[in-house]
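Look at the two complexes coming up: chain A is in both, with chain B in one and chain C in the other.
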Partner chain A sequence: MRKKRWVPWVLVGPALVVVFATTVYPLLAALYYSFHKYDLRKIPQFAVQLASQPGDPLISIDWSLLSLRNYTLAFSDSRFINSLNVTFWFTLFSVALSVIIGLFIAVVVQKNGRLQSLTKVLLIFPFAVSPALKGYSWRYMLNDQYGIYDLLAVELVIKPINVIIELLNNLPLIDITPINETVVWLADQFWALFMLAMSETWGWAPLIALMFVGALGSIDEQIFEAARIDGANRLQIFWRVTLPLLRPVILIVTMLKTIFSLKMFDQVVTMTGGGPVRATQTINYYIHQVGFVRNLDIGYASALSYILVVILTVFAALYVSKVLNRD
Partner chain B sequence: MAVNVTAEGSRSSTSDSIRQGIGQLLETLALLLIIVFIMLPIYWLAMTSFKPAEKTYTTDIIFTPTLKNYEIIFSDGTVLVNEGTERERGEVGRDMIPSVVNSVLVSCATVLIAIPLATIAAYAFSRYHFFGNRAMLLWILTTQFIPAIVVAIPFFTLFRSVQVFGEPLLGTRWGLIIVNMSIVLPYAIWMIKGFVDALPGEIEEAAYVDGANDFQVLLFVSLPLIRPGILVASVFAFIMSWNEFLFALIIGREMRTMQVALMTTSAMRGVMWEQMSAAGMVVMVPIFFLAMFIRKNVVDGLTMGAVK
Partner chain C sequence: MNLTRKIVCLLTLALFLALPLAAVSAQDHMDPATFGLDASKPYDGTHLDFLICCAAAPQFASAAFKGAEEFTAMTGISVTFGDVPFGSFQEQLYLEASNPNTEFDIVAFVDAWGTNIYDYLHPLNDFVMDAGIDWDDYGPAYQSASTGNSDTIYGLPFRGHPLLLHYRADVLEAVGADVPTTWQELSEVSQAIVDSGMDIAPVSMYYGLNVDQNLFNWYSHLWGAGTDIFDENWEPIFNNEIGVAATEQYASYVRDGYSPAASVAWNEQEANQELIQGRAAMFIGWWWMASRMLDAELPEVSDNAAFAPAPGWAGGDIASYGYLWPVGILAQSDDLEASLEYMKWLTHPITERRIVLDETSGLNTNVAVRLSILADEEVNAAHGGLQGIASEVLSTARTIPLIPQYTEIVPILAETINEIAIDANADIQAILDIAAEDVRFVMQAAGYYDE
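Showing the complex of A and B:
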């Protein structure tokens, strides 16, 4: 072997420098800020005009001594606690819906057939729609007066249910309140969060389905054939054969999606703006508010984002160990 | 006896075929439901972009298609939605073209810088054993879990202070390109490494035997063979930086990319949906073609090869 020892270092060097500069540097700098008082409002010319002012040298910033103030503040900040709560529910909804719908799509699409292969091609489409655009289009379609989703939900779901409720109400001793047909989806605290998760699900379920289709394709067809010969029906095959075989992939996909969901930001800005009230303010959105919109408190924003980093590290460690153990 | 068996057999086969028919029907219904679920938002956006303004605030699907919305967003702001109602004009017209230019320049520059760096690094990670090889790869894998906001905060403060040609980097395309590296480069390295890994090493061995040095092997033997992989990674990197939103908002600021320019479709009466849809089509359609092109590799790219 003629390979020289210094060659790989020359090849990986430039990329490593860039990766370290754009990931390790900000991680260390943010950690440093998070232990300091660093509030842009305290720098007069900056508070007046944020963007166009030439920056002042770092030295002139009033670095008080190392302090835990930002972290202690976080845990008594009801808005931050709220954002933790919102992120938890958003993650739960979006991960569960994406994985379950993704699994459903994969199982339906997997068979051979014309419509199946057409649908398989369509699965890539939501990937092409940027998250910001996704948020806008869903907001338009959910409008209570001219939104197509609103129309479909009211005509196809709520009204039929109300017809049944009315029929039931004719019976003695039954009195059910009909569902409100004029729900304004994004003005309702629960529905806004749920629909945010749905928009995320729309983007991810097809991709997750593609991941499952790939995994299903690598399973030996004879296993399914054997189950069919043994007299198992579709549901039994799904529960007893498909699901156990897919388990490792489901686990990895779930963790990956959880990590992406915890970082939710784009659609919150374009779809709900964090509202109504603070019902859709995810952690990432609240940090952005603290650091760049409302408070301009870089130290506090850094501390909050470090709390997010710690949460993500737990999942990332789990994920990496799972991925490594597979090979 | 024989008759009996036949009768029983035929009865069970009719009920079987009925059950199969129902199964087929349910399957077709499920497929149609999936197609509607996936395509409705895209179809609705495309349709709205051709709607006349007065039809935007209805769910009508029958209307006379118009290109007016595209005309409005690409104009300098002088084309009015309705004659004499200038206030109802969104601001998109003012910076649609600059933001298209910004998006194209930033995404192209990100790809042109990230891909060569990623290619040679991926090659070395795949083909050489050196100290820390695996640890560094693992670090690169974990960088995708760093929330973008953590990258944005320090670079925001840094770019305020760092001046290039007397201008702070904040709110410039270069600033945006630099922070984009943090998300694009790790994915590109892993993606291209996958392609190098899949390449049998014998051809390279033969080149070494023939007296080629390391760089000649890389340049004249391996690179041509992984060219398709490099192309796929480039398209993937382009889509990532094109669709990127948080950095564009915080670091790009007034140097708007298309994603941020979508927000300028708001006017006095709220978001101008027909203009937003037209702008959305401009954002979306090029990416459709690119996504179709790398259809088979998106899953590997997104998961850095974890799901195979």
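Showing the complex of A and C:
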């Protein structure tokens, strides 16, 4: 029977149209805009012009309207450089915390039991919360008047530490200043960024934990048995057996979380507003400000977006080629 | 005749008498001529789209929705309200205004955002003249905000807000203090509250970063003290000696412990919440927030709610920011004439008065923009004299620099104020100098200087 070559195209066609319209076209358009001076406040002038009158060439290009200005401007823009710095530290904190806490949760809940099963079900809820809502919730939970996290931090951490400091201060030659019990988390440049990362960890660590639970369940029990027979204690088994076997999953979740962290936006808007000062202005937040709120400079915002795309691509390629392929 | 029958008869009689009165009243509202509308319904069947913010906020919802059916009945024009939350409204406004194919005909916008869409708005000068709109019925600040300090009217005042001092009368009475009329008096009253040992923060400020709200009261300090953001040549001057003194005063409320330490991260809503929940005695904010204090759950707050004009500067001026949402028509609207008909009705004094007097819809609001409505005795009686206070504030209120670059400058200023607030030892002069350099860089890039 003769194979009908057009059938696959008909079947895939609708999906291709949707992908082109929602992904390929915006990507290409943004790249095109990034070489233009495109101010949303004015009627834009683009380099490629279609014929407007009979006799004109079908397509003409005005090269004078194209330039690399937006890209060169980015690297002298202190606000953009600040956003790169903020995004780097945010990514570092949020990825490290999410993976470490996720792993810890997974180890705790991996065994079968009613409580563990219930916990596994509940774990998905923080991830299901919308990022914007997460930001609002954390903002209120960190409030020094009625915030639950602030209360816990003060009662369970700061006050006990201050008691110890007081005891130490009774010793000769020791004079330590107690920690201020009125901590305004979102007014401190370090703590605001750290808490932003924690809000992200709160949503992601449980999901990562579930991924680790799955990975842990797939490890052959005989491997642990052999290690125990060889005299390894629990810590040694975790460090020498469990962790190396989880390495591929750790790498995958690290890569996934890194890509999501580099795109952080929602919680910045609802939790910190980019502050204090500029301490939590991530790249995506800054791009949004440049494009749609402050400068209305779509050309420059597109160029900044492409710099972010390059960073993401380089990062993903590095992981895939240097790390995952090695395993 | 027993008592029940008597009551029924009386009620029937009252209803019988009330019906003609109601009919006369409805007739008055339903007469197109009352609003200057064309009774021949030339735009019958036309549909308009109105881009407006915050349907959940009574000040917007009341203005948008009350009586819209009445307008449709008089003109045959129907209106859909494209409600957008405040958080994403600015972005939506710019995208719709710059979109040649936008579905929206009419837009409401914040004064500062308007500067970026002036080229996309239909000038309303001829409309104002032809429709007989009394332009002088709007205060100077609102006129400036509607025109961008030019000769072109880009929008008509729609929702407008003066800054008021919201305070607890019982707390001030307990410490024997008069209502502060200057910022310096505000500090004195705050000190008296601290000295009294009362368990309440004297004042609740907002220095956090959130839609630039931390600048609202800073402007009042600057202008009151006698300086400004720019001089007449668009050179930044907020870092001069007077600007530093004004900023020192503004930062002093948190530095001196009168405003809670957390206020360095608060936005306007959070600061207002302190007042509503009984943890603060004074708050300086927009007048539309007055109803929150009046409706507070705590009786000690609602029973003692009081309002006064925002303070001025001792020995200087009283000048605060008059914040306006004008309403305009997009130049690309296909239904310009129908949109103008709607504007006649929407901004008409009768419509505005009815909105502030209506207590039946659950969308109660005190917000009015016309001086005649602010001076209206019945309106003032319904709102405890709030409109009279607003009128007093608006007589000296000003607007911010209405240039397109200001949306780029505002984050520089807001971050500067935030930086000064979060560090009690911050060198105010040095930080303002850096901000002035950044502002100058933006203005220079925009071609404001001959250099």
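Heads up, the rule we're going with is that the second predicted complex is superposed on the first by the 290 of 327 C-alpha atoms of A that agree within 3 Å, B and C clash if a C-alpha of one lies under 4 Å from a C-alpha of the other, contacts with A are read in each partner's own complex, and residues count from 1 in each chain.
To be clear about the criterion, contacts are C-beta pairs under 8 Å (C-beta built on N, C-alpha and C of every residue); 3 or more make two chains touch, one makes a residue touch a chain.
Everything quoted here is computed from the prediction, not taken from an experiment.
J.: So, does A:Q145 touch the first partner chain B, the second partner chain C, both, or neither?
T.: The answer is both, since A:Q145 touches chain B and chain C.
J.: Contacts for A:P276 in the overlay, against chain B (first) and chain C (second): which applies, first, second, both or neither?
T.: second
J.: First (chain B), second (chain C), both or neither: which does A:L216 touch?
T.: neither
J.: Touch check for A:F292: first (chain B), second (chain C), both, or neither?
T.: Both chain B and chain C are touched by A:F292.
J.: May I ask you to decide whether A:A106 touches chain B, chain C, both, or neither, giving the answer as first, second, both or neither?
T.: neither
J.: When the two structures are overlaid on chain A, which partner does A:L97 contact: first (chain B), second (chain C), both, or neither?
T.: neither
J.: I'd like to know which partner A:D188 touches here: chain B for first, chain C for second, both or neither.
T.: second
J.: In the superposed model, does chain B or chain C contact more residues of chain A?
T.: Touching more residues of chain A than the other partner does is B.
J.: Can you pull the chain A residues that chain B and chain C both touch?
T.: Shared contact residues on chain A (touching chain B in one complex, chain C in the other): 145, 269-270, 288, 292.
J.: Enumerate the contact residues on chain A facing chain C in the complex.
T.: 40-42, 143-145, 182, 184-189, 269-270, 272-278, 288-289, 292-296
J.: Which of the residues in chain B come into contact with chain A in the complex?
T.: The touching residues are 23, 27-28, 30-32, 34-35, 37-42, 44-45, 48, 56-59, 117-118, 120-121, 123-125, 127-128, 130, 133, 136, 138-143, 145-163, 167-168, 170-171, 178-179, 181-182, 185-186, 189, 208, 213-215, 218, 239, 242-243, 245-246, 249-250, 253-254, 259-260, 262-263, 271, 273, 276-277, 280, 283-284, 287-288, 290-292, 295, 298-299, 302-303, 306-308.
J.: Which residues, counting only chain C, touch chain A once they are in their complex?
T.: Checking each residue of chain C against chain A gives 87, 90-91, 94-95, 98, 116-117, 119, 208-211, 260-262, 264-265, 267, 270, 274, 279, 404, 407-408, 410-411, 415, 418-419, 422.
J.: Which residues, counting only chain A, touch chain B once they are in their complex?
T.: 1-5, 7-9, 11-12, 14-16, 18-19, 22-23, 25-27, 29-30, 33, 51-58, 104-105, 108-109, 111, 115-116, 118-119, 121-134, 136-141, 145-148, 151, 202, 206-207, 210-211, 214-215, 218, 234, 249, 252-253, 256, 259, 262-263, 265-266, 269-270, 284, 287-288, 291-292, 298, 301-302, 305-306, 308-309, 312-313, 315-316, 319-320, 323-324, 326
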